Structures are given as structure tokens and as C-alpha cells.
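Common to both upcoming complexes is subunit A, partnered first by subunit B, then by subunit C.
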Partner chain A sequence: MIDIALDVLSWILLLLGGACVLIGGIGGLRLPNFYTRIHAASLTDTMATILIFSGMMLQAGLSLATLKLFAIMLFLLLTGPTATYALANAALLSGLKPDAGTTSDKPKENSSE
Partner chain B sequence: MYIIVSIAILVTMVLALVRALMGPSVFDRVLAVNVFGTKTVLLLSVIAFLYGRPDFLDLALAYALINMVGILAVLEYFQNRARRKSRTKDD
Partner chain C sequence: MIFIFGLFLLTLLVITAIAIVRTEDLFVAVMLTSIFSLLMAANFFILDAADVALTEAAVGAGVTTVIFLCALALTDDKEKPRQGSRWVTFSTVGVLALLIIYATFDKPRLGDPDAPVHQHIAPWYIEKTTEYIDIPNVVTAILSSFRGYDTLGEVFVVFAACIGVLFILGVSPPRQAKKVTSKSTGLRHHLIPQVVGRLLIPFIVLFGLYVQFHGEYGPGGGFQAGAIIATGVILYALLEGESEALRAIPRGVLLGMVVGGALLYGSVGVVCMFMGGAFLDYSVLAADPVFGQQLGILIIEAGVGMAVCGALLAIFHAFASREILS
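Our next item is the complex of A and B:
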């Protein structure tokens, strides 16, 4: 009984994580400018990491694999926001203006590369 | 169940690659590469469970470390370049 409940719970977590991953990918491709794209990508990255690794930890039970999964999850949770912060900081320093998502950056910013 | 998650991750990797090719600024490309690296770690972990081979988790751990160092190195370079450019503009 407990086994079935854990199985169902881990499946739900894994499917929610997969949905988060897909939403982040679509958002990163479709949103209009850089700061909105970084928002979509980083938030769903963190959420999908938590959901997918929690689901796999429930499947693994108490073993060495769970410890490794926990280590990877902790590391991703530490480094993902750090990389996002560094990326946004570098973009701001190099003069990419945050514009509240009203303008698309397609026509301008040709000279920044 | 793992196969659905791995397909979702693969589709997202393709979308990230499209964003990396489209640009338009260099930071969009770095963001896409960062997303690609994180999704690689996730995919390796899911594959470890899909095929029942827990050794893949070690690969995922090593790849997470390498990915982080690479992204930070690239960002440090671009940040320094932006700082240099603004300094020469002030002079």
C-alpha cells in the first residue's frame, strides 16, 4: 500500500518536473527580450530540478543512489541561481537595458556582438 | 514514466539550441548554453534510472561541476570586456 502510494507520488513529481522543463524551454524561446527569457529559464530550472530529483529519490529508496541524487540536486540548486545572477549582472554592465518586457530586442542590439 | 521526462528534456534541449543559434545578443547564447548544460545533468540522471545503471549519476555530478565552471569563466570574460569598453568610452 505504502509502495503504491510512493510510486504514484514519484510519478506525479516526475511528470510535473517534465512539464516545468518544457515550459521553461518554450518560454526561453518565445519571450520577447533577454530579461524575460532569463526569468523563464532560471525559475523553471530550479523548480524542475527539485521536482525531478525528488521523484527519483522516492524511486531509489534508501541507498547510495539517493545520496548521489541529493548531492547533485544541492549542487544544481546552489549553482543555477549563481549563474543566473552572474549572467544578468554581466548583461546589465554591458548596457542591455531592462525594459519590463514591453519592447522586443529584435530590431536593435546588432552592435553588441 | 522516465521516458516521458527524458523526451520532455530532449525537446527543451532542442529549443535551447534554437535560441542559442538565433541570438540576438551574446548573453542569450550564454543563457541557452547554461540551460543546455543543466538539462544535460537532468537527462543523465534520468537515463541512469531509465536503464537501471546508477554509475551514470557520477557522470551527472562531474558534468554539473564542469558546466558551472565553464559558464562562470565565460561570464567573467564578457563582464571584463564590458567594463573595459565603458572605461574607454569615458576617456
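Our next item is the complex of A and C:
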């Protein structure tokens, strides 16, 4: 009984995580300018990391694999947002103004992802 | 399931390759090459070649991307527009592609048990590894003992590549050395990457050492470990500035690692000869031949790790220091 409950819970977490990644992907393609795109991709990624890795840890049960998954999750939770920060910071320093009104960052050359 | 995943990855690989060829922005091309390497690593992994996957991920997606970016900083990041027709190029590439596709028809199917390699040599390796060397990772046994000559050759290739790059880019132009100080601060005033990076560097280097000394029991070995440790040091260089990294590990030490690593490998072979065996026949290194093999593998893996780490870092510094000086 508890096994089935854990399995269902882990699959719910995995599917939610997958949905997060999908939303992030759509956002990265559809949103108008650089900062909104990076925003869509990074936030959903962080959430998806937590959801997917929790789901996988539930699937793995109490074993060494769970510990490894936890370590990988910690690593991704540290590096992902840092990479996003570094990317946004580099864009700001290279002269791309964060402006919610712009619908495209074509005028600036150095703006594509 | 794994078949669908493999097909998906290979399709992405082809798309990435076409994108690399088509893009005119070299910066985008470098990023795509990095993605290509990452996809390739995933492909190797699902083919159960974890050792190669580790190398590909560390070298292809990590170190070479940084070196390419350093090289781009020295030149322009737009491709030169080319004039004239390109039918010679296109026809050459087309003919070669057709030839290669034709050649694959003779290739045994992936995982075919009747393939020539599975008839005599692979079973022999798998069978004799426990008898002669007694380590769980057969790949390491083949790499460093059964095919020790090949690996020695690879180390010398790394050595030669490092020397070639240093010859072309020059080790250190001493006249301009004073200009360095002000500019090479790296990301020092960006707090978040610096804090996170500093947190990660010890773990990266620790993982590198684990891969180095665990190579006999799991995927890994000298090549992977050298590349992983090099990425850790390069991360330090990106955070603190290149000159700071050079102060932590001076150029002389790097060159010493490259030369010493290659020399260590070769001298193990010579010592084997002095102790009455053949070149790189580690069995004579200890009274117990199995322990002798394990000792020899440990030493030559250390040599490989030193050479690879030193070579990658020396090449990185050769590019990066030039960027600051010019």
C-alpha cells in the first residue's frame, strides 16, 4: 500500500517537473526579449530540478543512489541560478537595458542567447 | 526505450552539427560545439562507455569551450564572408559522405554478438583481466596494461600538442609583463559567482582525485581526472583572474607536470625492462605479478593525469595570458 502511494507520489512529482521544463522551454522560445526569456528558463529550471530529483529519489528508495541524486540536486541548485545570474549580469554589463516594454532585442547586436 | 532515447540524441547531434556549419557568428558556433560535446557524452553514456563520456564532458564541453572563447577574444567573433562558388567544397564533402555511408554497410550491427571484435579479443580481455591484473574495471586494464603502448602514444600526443601550442603562442613575452596587473581581476567584484565558484572548486578537485585513484574500480582514470582537475583550476582562473591562477600554479609547475607525467610513464616501462620484463610489462615490478600489474597501472595513471592536467592548463594559460597582454 505504502509502496503504491510512494510510486504515485513520485510520478506526480516527475510529471510536474517535466511540465515545468516544458513551460520553461515554451517561455524561452516565445517571450519577447532577453531578460524575460532568461527569467522563464531559469525559474522553471530550478523548480523542475527540485521536483524531478525528489521524484527520482522516491523511486530510488533508501540507497546510495538517493544520496548521489541528492548531491547532484544540490549541485544543480547551486550552479543553475548562478549561471543565470552571470548571464544576466554579463548582458547588463555589455549594454543591454532591461526594459519590459521592448518586444525584441534586435537593435542591440549582442543580445541573443 | 533506450533506443528511442539514443535516436533522439543522435538527431539532436545532427541538428547541432548543421547549426554549427551554418552559423556565421563564431561565438554561437563555440556554444554549439559545447552542446555537441555534451550530447556526444550522453550518447557515449547510453552506449555504456562511461569512461569516454567523462572525458568528452570534461574536455569537450568544459575545457575546450573556455579555450575557444579565449581564442575568440584574440580575434573577431564573426566569420569572414566568402566569395565565389563553393561547388568544389560541396562535391568533395558529398562524395566523402557517400563513401563513409557506403563503408558503414560492411560494419557489424551495434551490439552484434557475431562481430569480429566479440569473437576472440574482447572475451580474452574479459577473461584474463581477473587472472592477470585482478581489477574490476576491464577498460582501465585494457587501457593501461594490455594496450599500454597505445596509451603511451596518446600521452606523447598530448605532450606534443602542448608543446606545439606553446611554440606558436609563445610562453611569456617579458617586455609587456607590467601591464597585466590592473585588468586581470576576473569576476572578483561579482559576489555571487565568486562565492558559489569558491564553494565548488574544492569539490571539483576532490572529484578529480577520486576519479584518478578510483579508476581501477569504476569509470575513470588519468585522462578524465586530469581534465576534471584542469576544469577546477580554470574555474579558479575565471573567478580570480588568470594571473592569480598562474600564481597558485606557476607555469614552471605546469610544464613540469606535462614533462614529468610523460617521463613517468616512459620510465615505468624502462624500469620494467631493467627488472627483466618487456617494456611496460608491469608484472615484474613486484614479487607478486598481479600486485606488480596494479602498481604499474597506478603509477602510469598518475603520469597520464599529470600530463593531461598540465597540458590543458598550459594551453589555457597560453591563450588567456595573451588576451590580457595584447
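Note that the second predicted complex is superposed on the first by the 103 of 113 C-alpha atoms of A that agree within 3 Å, B and C clash if a C-alpha of one lies under 4 Å from a C-alpha of the other, contacts with A are read in each partner's own complex, and residues count from 1 in each chain.
Following the convention adopted for this analysis, a residue touches a chain if its C-beta (ideal position, glycine included) is under 8 Å from a C-beta of that chain, and two chains touch if they have at least 3 such contacts.
It should be emphasised that the depicted structure is a prediction, and the values quoted were computed from it without experimental measurement.
Visitor: Now for A:Leu87: first (subunit B), second (subunit C), both, or neither, which partner does it touch?
Guide: The answer is first: A:Leu87 touches subunit B but not subunit C.
Visitor: Should A:Thr79 be classified as contacting the first partner (subunit B), the second (subunit C), both, or neither?
Guide: both
Visitor: Please tell me which partner, subunit B or subunit C, touches more residues of subunit A.
Guide: The partner that reaches more residues of subunit A in the superposed model: B.
Visitor: After lining up the shared chain so the two structures overlap, which partner does A:Val8 touch, if you call subunit B first and subunit C second: first, second, both or neither?
Guide: Neither subunit B nor subunit C is touched by A:Val8.
Visitor: State which residues of subunit A lie in both footprints, the one left by subunit B and the one left by subunit C.
Guide: Residues 75, 79, 82, 86, 89, 112 of subunit A touch both subunit B and subunit C.
Visitor: Once bound in the complex, which stretches of subunit A touch subunit B?
Guide: Residues in contact with subunit B: 11, 14-15, 17-19, 21-22, 24-26, 28-29, 34, 37-38, 41, 45, 48-49, 52-53, 56, 59-60, 64-65, 68-69, 71-72, 75-76, 79-80, 82-84, 86-87, 89-91, 93-96, 105-106, 109-110, 112-113.
Visitor: Okay, in this complex, where on subunit B does subunit A touch?
Guide: Result: residues 1-2, 4-5, 8-9, 11-13, 15-16, 18-19, 23-28, 30-32, 34-35, 38-39, 41-42, 45-46, 48-49, 54, 57-58, 60-61, 64-65, 67-68, 71-72, 75-76, 78-79, 81-83, 85-86 of subunit B touch subunit A.
Visitor: Okay, in this complex, where on subunit C does subunit A touch?
Guide: Those residues of subunit C that touch subunit A are 28, 187, 190, 192-193, 196-197, 199-200.
Visitor: Considering only the defined contacts, which subunit A positions touch subunit C in the complex?
Guide: Residues of subunit A touching subunit C: 75, 78-79, 82, 85-86, 89, 112.
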